[in-house]
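In what follows, structures are represented as structure tokens.
Each of the next two complexes has subunit A plus one more chain, namely subunit B in the first and subunit C in the second.
Now for the complex of A and B:
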């Protein structure tokens, strides 16, 4: 009978687990609640934000990986030259103002009196150094390919020069987070260059930071917690959060439970299945926005012979019930996609519609000579995109219906991107938000022929390569006539659609949830880079 | 009328008498039999085959159990987040859990009895070496062994192969992780038995060591083995559920009870409680009845608790 007691306790433990398991931070909770009685000292002690995300930054080097998570980190610890405001305009940050000097040169006037976390002053040298480093970063060099160089004019002025007239220069300036050139120069203890960009493995920049941002990294235990402290000499006095404690909580239900129980103050993303619950809970605020992040599957035809066959690729797209996924897995919290850019984008081609048709898919498989199907492998992350794992599982059973047996492995994003870059599976999942807020960016990274020199096709794990698409995409970079450019972009989408270059799923919506005593709605944006520096907790 | 048949002897045995008079044991046994039948006849009983993608439609996802509003009579216990019929998936999952549970225990028992018997019978340095190996093995947790082995196998065989070998692999992992339990128990009984007169007698007759070991000592050490076997089956099923819950066990395409509970866990706040609750109840009841049977068996085999 003793063992039945063991069961009772097991049940109790399970129940506790459901309610949420982080008890460590209870001691900090009072700091916020009793602010009424200790108004004056509270300002000194500062506000603490307990933030739970699905994952924490993979590195402290803002130029090592081009991903949403790393950009969110960069906006906390570094500062860009300019950043997006909510209305789509540019907000001056480290660049106070800018002027076009000639067709290919933009002059930035930098903010004076800014210092890095290391104490070094911020100068034009740092901007030039950072842009040069971006141009050699495997992930960023594609974005900065149109750039020739940056030149120091004086300590607070810098010229950025492009190869040809480039309309998206300011969009790109939102990606220039100046790094402390003095801090990152020299050799570390093991004799390696401090500026080295190392994607996997240890490096100085991966574990040390010196930015100009509002927060410095006070403590970091990767995958467990990261503590950000406000940098006392930060120039922008907006926002009153002194300490941010970032805890990665991969499991959706646990992350929601942590917010509901008050263990954390802010969660992102919010799983679609829990939106209603959070909205109806008193004391919580839910902010949602329709997004432009496309979720796709890439079919690797270099790795897997049958994907070379157009009919097989088409069959897979015809077998994918993406509106079913949007309705059931995403709970309507996404928009069904048949192309890369959503409606507001110049590339949107209304003629391209979702293609789900199971009978047609089976027919195509037969015509392709694979009536009995085949087996292939697939990988997907499980904490990168909203419901990524469930989407991948649903996709696997959809392909099962046309006889394709897919072996799926899902993994946390910290492991996923290494595997993705190594192209270990025949089908790989990727979501993309255009860094430039411009539609050509999707193709440049996801579908242009992979080229390690220029960085184009850096995330093209399907290794789709169509010289025609490449030529058209390059042409859009310098095409200044918007109508012509739009027509060109739409033609690219049409070519990709007909070529079944990738499997489009949907554009995922964005969501954030927090306690309702802060201005969450004002700091979040469609880029999904919350400006925590501007967060005000009442 | 000279000798009674085995069946007759069994019918008149105290074992059956005690069993029939113990309502807890009897009920537990009946429930276990029902589970075994349901699990192993899943292919005939289940209305759908959850391994066949043709039966899965994403539009059927998260349908509540048939008796609730919005329920569909086709799906008695509702459907999971992928649109699989929960009742069918549970039956198949039960089968996977039972196969892994019994398979792992068979492996544990084989290894453990072998090692324990040799260690107890040989004594001296053989005993110390084997028992130290068992200590080392015990100091690794099942999860550590599982993470280690599954990582190696996934790297060695690739993804596609891993799905095929998941069941034998889990049997291997859980079997290897827990064999010292058997080895310890058997060794202790062997030490007690080998001093007894019948062993001396066998030696005097001139029987070989191996024969004495296997034919004389072993049968007398088996009663504690039966008792721990019941507990170990329950433990193995729980270990598998725990491993699947953290994502190291069965792949989602062939869910066990543990992976079903894991899948459903994410939906618990959104109100789709049935995805995690029904497999959870089945798992708890299954382990409970096995444990209760084990308790009864222990009481029955323990002469000190013999109530006459």
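Now for the complex of A and C:
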């Protein structure tokens, strides 16, 4: 009896499962109709863009973190004083015009009639408030160090004052996204200051926004999806996308598949292995551009005696076939580099060309007295830069040809940077993109003599130190004559090149892919802050 | 649970530095150190651990750096997605492995059983993520039948966001649950088959045949029920494997569940969330294995009887 009871209960469970399944399926039909009815009018109201990126904004507070993702978000929901145009000039946004009043003061004339998403009018007060907040934000205070203060002249005019003449003031103004000072002032429900910048906990600014940008955040489930809706009172009428649904899709293959299957309309970034496939798919458009993130290896001469020898450093550069790496490892999706700043930058020195020459490398090793080579150590991340691990492996085998035996260790980025800072290996990999969009920034962080007080050379794990380069770099900071400044920057690049201060590999390319019924090529830029507000879907 | 918490806490040190993930690259060392101090990351291991235990006593197992809220809340909000996925794959496994397993045990030589066995070998040997990516390419990219990622439309049932009640949600469920079951299903077919074949050799089955019982009764009541015992035990243990595989499946399908959240937490160095995940998964393990023991007792009278003595 008991046996049959147990059996009976099993059968019951199974049939319940079956019935459950089939009844679920019956429920589907009405549910579908409902959703079709609700989505149909929405589609008529305006164009919808389904956007997939590799990550979504970590916060709604544009000043909490300085990262590509946060800047992309800020360009959608807030609007800067000025922004980068494609040709490297500045496009007026919330500042309609600007003039230099004296060596250290820039006057911005603000756009009139602009309102925040909360309805508050946008005034000079908000600009001053936002700059003051940037000056206390851990991520931005470094960039805004040269700024003394901002002063209200009248409701639509503001003066920005720097400590010394500063040639990059407008570059920095692209980071000034005015925030609604009235909205962010006061106490929230838990009694905390609404303006607080909190990186790891809850705060008002992390979950509420009031910017002047084209889109307001209508719905947000962090890591799952964010819905942006066009702000009806936005001043700029370019672009016709009413709703943007942003879904983060981390896995490269899935992101590409989502575009190919039509589940999303726009993806960024595109993994190199799928470029061809997207290019050859009808109905899709691929846009690529040479970027400004340089990938390099640093040779630590403090740690490892042979790297003190200029000839050894040169031999390593001559042995590095960086165009081979670009072609084979990066599948052509990168631009071969011989210096830090790419062509668009003021520092670009056309005389500096890639130096791969194996015979010369062997010759140099012999001259340096290391004909038999030597052994050294190296570390590289394996999930930070595009194909970072493979690049490092290719480099190791190239050095093998001049007798240098490298023991390579790769690790995830979460562990890499501690090891990098501790300078645990003789050769370390680093990529750099200047936040200032200016070439002096590369040298300041990567190659000036490391100095914990000034913060220069923070990522100089090669411990390269040349007082001449330091002096020139500091000089560029206050030089406002563009021609003189450019000559100085080019001289720096030349010195670093001759000194074999680092091993240059390539600049990573940028990529976006979308359906071909929109003006994708026009809204993307080398900073990788697509201006979705200007997107037009046909 | 304390042991799991301790282990989780011990390994989190080697997962790397969360500060890197939450600050920009050009932030100065001082700023970073200040932040680290604020978060109490500089305190010695035991101080951090006792703080964790103290919090855990009050139901607080840390706060995620990335989500900026309680780690437990984050996990609970992600749990429905994973549970629905596991439930649907379990359903697929039960619905298919039992009939197929019984069939191939009864007719070991038929062509159909050979196909089942061949297919199951293939299923076991193809890694889950490959199955998943292949399915995405065939069914979403080429045929445009099924959506390629995510959970689709969900309905909020008192805090439990379910995808089971909408067509869109169900469509999104199909591929991930098949992918997830692709490892376990063949395993169970083979297990049921071999156990059943062994049982069929037993004397009492021969006796049942001799008694002239209907084949259906012999196979289902006498043979199959005794086959179930090892299957249940293995099933309980395999649930752990299933959770491990949700990490892979969820990553490929951008399924917003706990597994995906865990992988992201590891990449971001979001230590409190990792530890919390380990503790919660440990808890699930304990509960499931207790349940298995109880069910085992129900199915197998021997366990109950020996227990009584």
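In the analysis below, the second predicted complex is superposed on the first by the 297 of 538 C-alpha atoms of A that agree within 3 Å, B and C clash if a C-alpha of one lies under 4 Å from a C-alpha of the other, contacts with A are read in each partner's own complex, and residues count from 1 in each chain.
Here is the rule we go by: a contact is a pair of C-beta atoms (placed from the backbone, for glycine too) under 8 Å apart; a residue touches a chain by one contact, two chains touch by 3 or more.
Just so it is clear, the model here is predicted, and its values are computed rather than measured.
Q: Please indicate which partner A:182 is in contact with in the superposed arrangement: first for subunit B, second for subunit C, both, or neither.
A: neither
Q: Tell me the contact category for A:200 with respect to subunit B and subunit C: first, second, both or neither.
A: Touch partner of A:200: subunit C, not subunit B.
Q: Under the stated touch criterion, name the partner, subunit B or subunit C, that contacts more residues in subunit A.
A: With both complexes superposed on chain A, more residues of subunit A are touched by C.
Q: In the superposed arrangement, does A:396 touch subunit B (first), subunit C (second), both or neither?
A: Only subunit B is touched by A:396; subunit C is not.
Q: Which holds for A:458: it touches subunit B only (first), subunit C only (second), both, or neither?
A: In the superposed model, A:458 contacts subunit C only, not subunit B.
Q: Report for A:109: first if it touches subunit B alone, second if subunit C alone, otherwise both or neither.
A: Touch partners of A:109: none, neither subunit B nor subunit C.
Q: Looking at A:328 after the superposition, I want to know if it touches subunit B, subunit C, both of them or none. Which is it: first, second, both, neither?
A: Touch status of A:328: first partner only.
Q: Which partner does A:142 reach: the first (subunit B), the second (subunit C), both, or neither?
A: second
Q: Give one of first, second, both or neither to describe whether A:409 is in contact with subunit B, with subunit C, with both, or with none.
A: In the superposed model, A:409 contacts subunit B only, not subunit C.
Q: Is A:271 in contact with subunit B, with subunit C, with both, or with neither (first, second, both, neither)?
A: The first partner, subunit B, only.
Q: Determine where on subunit A the residues touched by subunit B overlap those touched by subunit C, and list them.
A: 2-4, 7, 18, 251, 253, 257, 260
Q: Name, in rising order, each residue of subunit B that touches subunit A in their complex.
A: Touch residues, subunit B against subunit A: 52-54, 56-59, 61-62, 81-83, 154, 158-160, 162-163, 231, 234, 251-253, 265-272, 284, 287-288, 291-292, 294-295.
Q: So in the complex, which bits of subunit C are touching subunit A?
A: Within the complex, subunit C contacts subunit A at residues 14-18, 20-29, 31, 34-35, 39, 63, 65-69, 91, 94-95, 133, 136-137, 140-141, 144, 147-150, 153, 164-168, 170, 220-221, 225, 251-254, 256, 261, 264, 266-269, 298-299, 301.
Q: Under the definition above, what is the set of subunit A residues touching subunit C in their complex?
A: Listed in rising order, the residues are 2-4, 6-7, 14, 17-18, 21, 24-25, 27-29, 31-32, 35, 58-59, 65-67, 138-143, 198-203, 206, 222-224, 247-251, 253-255, 257-258, 260-263, 383, 412-418, 432, 435, 441, 445, 452, 455, 458-459.
Q: Quick one: which bits of subunit A touch subunit B in the complex? Just the residue numbers, please.
A: The contact residues of subunit A facing subunit B are 1-4, 7, 11, 18, 251-253, 256-257, 260, 271, 273-274, 276-277, 321, 324-325, 327-329, 375-379, 390, 393-394, 396-401, 407-409, 425.
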